[in-house]
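Each structure below appears as structure tokens.
Common to both upcoming complexes is chain A, partnered first by chain B, then by chain C.
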Partner chain A sequence: MIAITDIISPVLVARGAFWLMVTITLTGALLAVVPRNIVHNILGLALAMFGITGIYLYLGSQFVAMMQLLIYVGAICMTYIFAIMLSPPLELELPKRRKAKVITAFFVSLVTFIVMAQMILSYKWAPVTSLSRDWSIETIGQQLLTRYFLVFELISLLLAIAIIGAIMIAGLVRRKN
Partner chain B sequence: MNITQLPFIKEIYGFLGHDLVAAVIGILIILVFVPLNSAFLVWVERKVAGHIQLRPGPMEVGPHGILQTLIDAVKLMSKEMITPKLADKFLFWLAPIVIIIPAIVCFVVIPFSPLMQVREMNVGILLIFSFSSLTVLSILMAGWASNNKYALIGAVRAVAQNVAYEIPLLLSTMSIIIMTNSFKMSEITAAQSPVWFIVYQPVAAIIFFISTTAETNRAPFDLVEAESELVSGFHTEYTGMRFALFFLAEYTNMFIAASMGAVLFFGGWHGPFFPGLIWFVVKVYALIFVIIWVRWTFPRLRFDQLMNFAWKVMIPVALLNLMITAIVLKAL
Partner chain C sequence: MESLITYLILGALLFCIGIFGILQHSSLIGMLIATELILNGAGLNFMAFNMFLSENPATGQIFTLFIMGVAAAETAIALSIVITVYRKFKKIMADSVSELKG
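== the complex of A and B ==
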């Protein structure tokens, strides 16, 4: 009997899937930065998030993948769209791109990229053939509320501060008008 | 590192090796079922609307007009697809495609009967939620790309409404999830074998029903396409088959919402005497009938009422319900 692995090589499928996801993510990321049209930027960002969902699926974490889709595409991109609704309409003349700003932005992202690449490369990645632990939803929940409890709470505090800040700014602007 | 040992690869090959035939048949059934179901539901909607307003509804094509929507679909397919001159051409073309894909993907995890489910997934319920959140993205694309005031206002309303109603929807579902400890559709169904969850969770069921009505943009929450003020909202500029795709997506989303309601609160395929499939379909269409009934009975809400209701009533009640559920489960 011919096994399916003889017809289509698993290595090829794995490589193909990985590069497909990477291409989607990077295309989305470029679309999120380069075009001048702000709605295209948001949709590019959504595409990048979709690509990252694919990478999580590739790594075998369905739960994190679904959360990525639900939170980043479903909620965060939507919040950005809210912000866009408050921005000036597109028919008006766009503010010109300042060279100094572009160069600074490029420089900052280059430094961040180098630091992160250095971090990733300096770690000795050991080859793993099976998962070190059962990474089910239960484990994630347990870890979040025991080992990473402080981080978890700090992040919620940060979000709460951000929300209060946003309300304050909106309130101040309204009072001025 | 041996790349072939990835869980994802194992899954794909397991899928291709053993379940390929089942998968192909399942996908074919879905692709045939989605348009037929929409055609049927459009007919049901027109018939129910007619009878509520004391008129017969469509009567000409076929017995009691049952073939009317098929004829309408043929007409839509042969119509010209017009793209407005100032529209964003690519996004205008993309939006109807993006809206139909999540609607079809969600069918993969719906358990029609103990055997009839295309794929059992550990994250079944979450899959439906996360893919249906893509619908808003496509509504925004359509509304913005049309370059039309009515379309844009419709799209903006859709975003605000969906952000508001997704929270109580998820919270009401979570109270079921903590009762069953599982995201699997089949396990949630199995947990309701003697008593349906609507008995334990009536508040969650009501919140779920209201939120899904809002999420699928149905009356009294249909400000997104309010005919009397916005022509037809985000799909004002769409014609022919593209318009048909939006229609298809609306009715398919309704079916998915109703089947989630049936799985979460009405015991899925459980029922005496008849096979599971019949029970499931009966429950789903009964829920859809209620949604249609509500549409033709209640007037449309004003937008500020809609948002106030979501943030000041639905979310607090849903949170309270979730908390009480957790406390009761812990105490027992």
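== the complex of A and C ==
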């Protein structure tokens, strides 16, 4: 059996896979924003999240990559799809796009990007001297339950409150009518 | 691929695409989707700084996890508000919900 790394050098394969992931992310992000159909937007968002999962793998964290896939693609995109499938806004006639609005939005985001890129490129990023390379899930778990314990608990509380609040907000109006 | 700047530029691109989406979309759900892109740009920045500049590699990962948790909470609340707005106004366009305008 011939692996792909026998034909092309592994470095080239890795680089190609990285840029493929970047392309997927940016394509998905544009798909999430540009089309007027909301279902297309959500599918684009899922694609972008998938690409970001690959980039997180390149950044060395399998755990966060899997969480990204589970939470964003598995939970958040599904919530959006349920929300628009179970309520009729999907069939609403979307108004025509106003050209002036799109052009203004484009210029605002372009200027923001240019300013940010300028900042990123002009700053001299100095790497720290003592890099610890301990990326394991064990370390993350240990720190979550010691150093970041309060934040961890607060996030749990926030999620519980958010879900109860969401049910209340969406349910109250129906009961009144 | 190995440099911090690539990831930072990618995060900035995601952020700006998100801003573009928020400004040009007229429906509330479309704006919410663009918000997710902005949050992801921030998360990507955290992971990149974590990889290249942090002394403790767990910190950035934990912050990215927290961003995901906050994003999930935000989605749940915002979607329920959108559904309520739809029930009341029969529209999900941001321009049409203007009762408090005075």
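Quick notes
By our rule, the second predicted complex is superposed on the first by the 118 of 177 C-alpha atoms of A that agree within 3 Å, B and C clash if a C-alpha of one lies under 4 Å from a C-alpha of the other, contacts with A are read in each partner's own complex, and residues count from 1 in each chain.
Criterion: a residue touches a chain if its C-beta (ideal position, glycine included) is under 8 Å from a C-beta of that chain, and two chains touch if they have at least 3 such contacts.
Note that the structure is a prediction, hence the values are computed from the model and not measured.
Once the two complexes are laid over each other on the shared chain, residue contacts for A:57 go to chain B alone; chain C is not touched. Judged by the touch definition given at the top, the superposed model places A:81 against chain B, while chain C stays out of reach.
More residues of chain A are in touch with C than with the other of chain B and chain C. By the document's definition of touching, both partners, chain B and chain C, reach A:15. After overlaying the two complexes on the shared chain, residue contacts for A:67 are found with chain B and with chain C alike.
In the overlay built on the shared chain, the residue A:43 is in contact with chain B alone; chain C does not reach it. Touched by chain B in one complex and by chain C in the other are residues 14-15, 58-60, 63, 67, 75, 79, 125, 127-128, 130-131 of chain A. Contact residues on chain C toward chain A in their complex (touch as defined above): 1, 4-5, 7-10, 12-27, 29-30, 32-34, 36-37, 40, 43-44, 47-48, 50-59, 61-62, 64-66, 68-77, 79-84, 86-88, 91-93.
Contacts from chain B toward chain A in the complex involve residues 1-9, 11-13, 16-17, 91, 121-123, 126-127, 129-131, 133-134, 136-137, 140-141, 144, 156, 159-160, 162-163, 166, 183. In the complex of the two chains, the chain A residues touching chain C come out as 14-15, 18-19, 22, 25-26, 29-30, 32-33, 38, 41-42, 45, 48-49, 52, 55-56, 58-61, 63-64, 67-68, 71-72, 75-76, 79-80, 83-84, 87-89, 92, 94-95, 97, 101-102, 104-106, 108-110, 112-113, 116-117, 120-121, 125, 127-128, 130-135, 139-140, 143-144, 148, 151, 155, 158-159, 161-163, 165-167, 169-170, 172-174, 177. Interface residues of chain A, counted against chain B in their complex, comprise 3-5, 8, 10-11, 13-15, 17, 39-40, 43, 46, 57-60, 62-63, 66-67, 69-70, 73-75, 77-79, 81-82, 85, 125, 127-131, 136-137.
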